[in-house]
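One chain, subunit A, links the two complexes that follow: it is found with subunit B in the first and with subunit C in the second.
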Partner chain A sequence: MHIMEGFLPTPWWQLWFVVSIPVIAFGIYKMNKLINEKREVLPLLAVAGAFIFVLSSLKLPSVVGSCSHPTGTGVAAIMFGPAITAVLGTIVLIYQAIFLAHGGLTTLGANVFSMGILGPVVAYLVYKAGMKANLNFYLVVFLATALGDWATYVTTSVQLALAYPAGDVLTFAGFMSSFVKFAGVFAVTQVPLAIMEGAVSALLFKYVVNVKSDILVEMNVLEDSVVRKLRGNPA
Partner chain B sequence: MSRKLELIVLAIFLIFAAQFVYMSSTTDAEYGGADGEAEGVIYEITGGTYEPIAEPIWEPPSGEIESLLFGLQAAIGAGIIGYFLGYYKAKGRYENDIGYKDKSKPSDRQSL
Partner chain C sequence: MTNILDDYALMSPLRHRNTWLKLVIVCFGLLVGVSSTSPITPLFIALCMSFTTIALGRAPLKLYLKLLLAPVGFALTGVIIIAFFSGSGQELLSFELAGYLFSVRADGLELALLVLSRSLSGMCCLYFLALTTPMIELFAVLKASRFPESFIELSMLIYRYIFVFLDMALSIRYAQTVRLGYSNFRRSIHSLGMLASTLFVRSWEQGDKLFLAMNSRCYDGKMTLFEVQRPVGAIELLLTSAYFLSVLALFYFTRNISIV
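Then we have the complex of A and B:
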């Protein structure tokens, strides 16, 4: 999903930095507050960050004959909310920009916005809505992370279409024409990968619930009654 | 502990793998990166006039080294996940099953 180094022309790459930096700053503030208040979440934060690290390194082949990778940000978004996820996503994106020439430093703002902010926001909202509707927890995690992943790539298509509208002038028709082309590359490739990400995320959540459910309850991710049901002891 | 979720995930994975094997043996798709394809679309829309405004400051000198760095990234992440899930599992066992909880209860700040 990363927009490559140098591939956003001038007004756009600055603009995405302007949008992303306040969110990252707020995320750092929230993260510090959380760590100071609840020291015991630190390992879970590391797990969520590491999950993004693993998934975004897996370049998987997809149906249409191109490769792309999942984002892994949905898990962090469900556990810690989108702002803290933006910080974790930024760390991964900087690693990939510097060591792998994957993404880039000028396009970092745009990439943070799609992978660190908008995708996680979608995952977070879907999760909250799904839990309110009383659906099965793992199904909700699957839907939230898969849709969040997919939303990231749709956002990338929007960002590129805004920067490269057909006919060089930003009109709605030009934007749509370019958007369809970019979405044809990114959004279509991503569908099977989003499904995989959703499945793996649900699995990770199962293990976290098994070994450390009390922390999820404490952070208001899950309700106590749901945890008891999932663990199968209605005590 | 029920293994239903694991089986579902395994099934999804197998469908994905079967699809990949089928596609890669019946078509000659190149399986390049989607990022590279987007680059092609950009050239198509701008008529090949666009010059990137910046170059990556360092690029992996070969595909092998790039794979190494991607693999390293995955390994670091997997190690951290395994370490902490194991830490939580053992901690839970000590506190709840074996019953160390009441004997000593160090504050979490010290235990980390």
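Then we have the complex of A and C:
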């Protein structure tokens, strides 16, 4: 869900930069701390970023016939936490803007906020809450990525509705009416897409648990006991 | 996705021009485009940038049009919503569909055209950058502008790994397609999940190996880049300032014009 270059008029694109930059700065600060502590993280973070980019450039067959792609940020949020995902998301969005003209540089702030900050935060919170509630791990992953995706798309609709409220003047009624319209049109593709992305992410984790579960334990994504239970050999 | 724009940038004759100058041109185009109040200035910028990319940058015309087409479709969806739902002036067109009244108003259409042209000019500027400047040159600029060290380092590594994984992903997908992995909807979801997990596990191992390899070559968190000095020529400077002046003049004279 990228907002195109030039789509947001003047006060809004600066505003979203103002909102996003502190979060990115905090993410960089956190990342620096992590790197100073454990230097071997840097290459791993790099491959994670490249992973997000490649995953988001793979096309997903969509029900309505249009092709769309998974964002991959939900997966990253579960694995690395939202602060670092924001930094990775920013870099990936810059590459998408420069390589593919997907998104844009003036709308980067808005896109970072919806895709790199809010979506991952929601995914992360849902994941933590779900794991605490002792739900099935795959179900939690599914819910986290799908809800994170929806959060991203609702945020995008909010951003567009704020910039283009009905009746040209920003009032609450105008905002709501235009928000409902943007959200309604995007819902056609985004609702099934998020469900599909959730399914793909759950499958991703299933295969990783089967093949190389020690990674997940090492990164504190899952506890050892949970992995053993998932693999079906409680010991 | 098989042809990354960087390949064309490496072959472009404009590659050997000053990177700062190109960046200034792009940023200028983006900023003027986004702050313009009539669709004429952005369209002029789009035209100039396209001309430069194709004629001076030698980007294949067919590829360029194909590249433009994809985001335009995307932009159109948003623009249509704006055309239908914003504005309060005189009605130009209205019809009823499934009980709802749809109408296009004059100022709504005006706004929609403006947004579409802004979007188009932005895309042309970005493609100009993408098709004439390889990423490597941009890293040197980032370094010089004192971005946080770790951020640049991370972007460089990500840049390198995008290509490694893209190759991997494409060959895995090819293998899956040959085995009918994408023959129906259920299977394609499964295949995609499998692809993503394999990619993840392999990239993880690759990251480990990379760290080992870099460490054994005395990596201390800083990679030094070789920066080529490319002075700005007189003709370039002249052309750029002529372009800037004409855009600014157009911006000034068309600021109150409405075309609908």
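One rule holds in what follows: the second predicted complex is superposed on the first by the 195 of 235 C-alpha atoms of A that agree within 3 Å, B and C clash if a C-alpha of one lies under 4 Å from a C-alpha of the other, contacts with A are read in each partner's own complex, and residues count from 1 in each chain.
Keep this in mind: a residue touches a chain if its C-beta (ideal position, glycine included) is under 8 Å from a C-beta of that chain, and two chains touch if they have at least 3 such contacts.
Note that the structure is predicted; figures quoted are calculated from it, not measured.
Asker: Which of the two partners, first being subunit B and second being subunit C, lies in contact with A:Pro22: first, second, both, or neither?
Answerer: A:Pro22 sits against neither subunit B nor subunit C.
Asker: Touch test for A:Val87: subunit B only (first), subunit C only (second), both, or neither?
Answerer: second
Asker: If you stack the two complexes on chain A, which partner ends up touching A:Pro192: first (subunit B), second (subunit C), both, or neither?
Answerer: So A:Pro192 only meets subunit B here.
Asker: Touching A:Met31, do we find subunit B (first), subunit C (second), both, or neither?
Answerer: A:Met31 contacts subunit C only, not subunit B.
Asker: Across the two complexes, find the residues of subunit A that touch subunit B and also touch subunit C.
Answerer: Residues common to the subunit A contacts of subunit C and of subunit B are 4-10, 13, 39-40, 42-44, 46-47, 49-51, 53-55, 57-59, 61, 63, 95, 97-102, 104-106, 160, 164-166, 168, 178, 181-182, 185, 196, 199-200, 202-204, 206-208, 211-212, listed in rising order.
Asker: For a test of understanding, state which residues of subunit A touch subunit C in their complex under the given definition.
Answerer: 4-10, 13, 28, 31-32, 35, 39-40, 42-51, 53-55, 57-61, 63, 70, 75, 87-88, 91-92, 94-95, 97-102, 104-106, 160, 164-168, 177-178, 181-182, 185, 196, 199-208, 211-212, 215
Asker: Considering only the defined contacts, which subunit B positions touch subunit A in the complex?
Answerer: 1-2, 5-6, 8-9, 12-13, 16, 19-20, 23-24, 27, 29-35, 37-39, 41-42, 44-46, 50, 52-60, 66, 69-71, 73-74, 76-81, 84-85, 87-89, 92, 108-109, 112
Asker: What does subunit A use to touch subunit B in their complex?
Answerer: Counting only subunit A, the residues touching subunit B are 1-10, 13, 39-40, 42-44, 46-47, 49-59, 61-68, 95-102, 104-106, 138, 160, 164-166, 168, 178, 181-182, 185-186, 189-190, 192, 195-196, 199-200, 202-204, 206-208, 210-212, 232.
Asker: With touch defined as at the start, can you tell me which subunit C residues reach subunit A in the complex?
Answerer: 1, 4-6, 30-31, 33-35, 42, 67, 71, 74-75, 77-78, 81-82, 85-88, 107, 111, 115, 118-123, 125-127, 129-130, 135, 138, 148, 150-151, 153-155, 157-162, 164-166, 169, 173, 182, 185, 188-190, 192-201, 203-204, 206-208, 210-211, 214, 221
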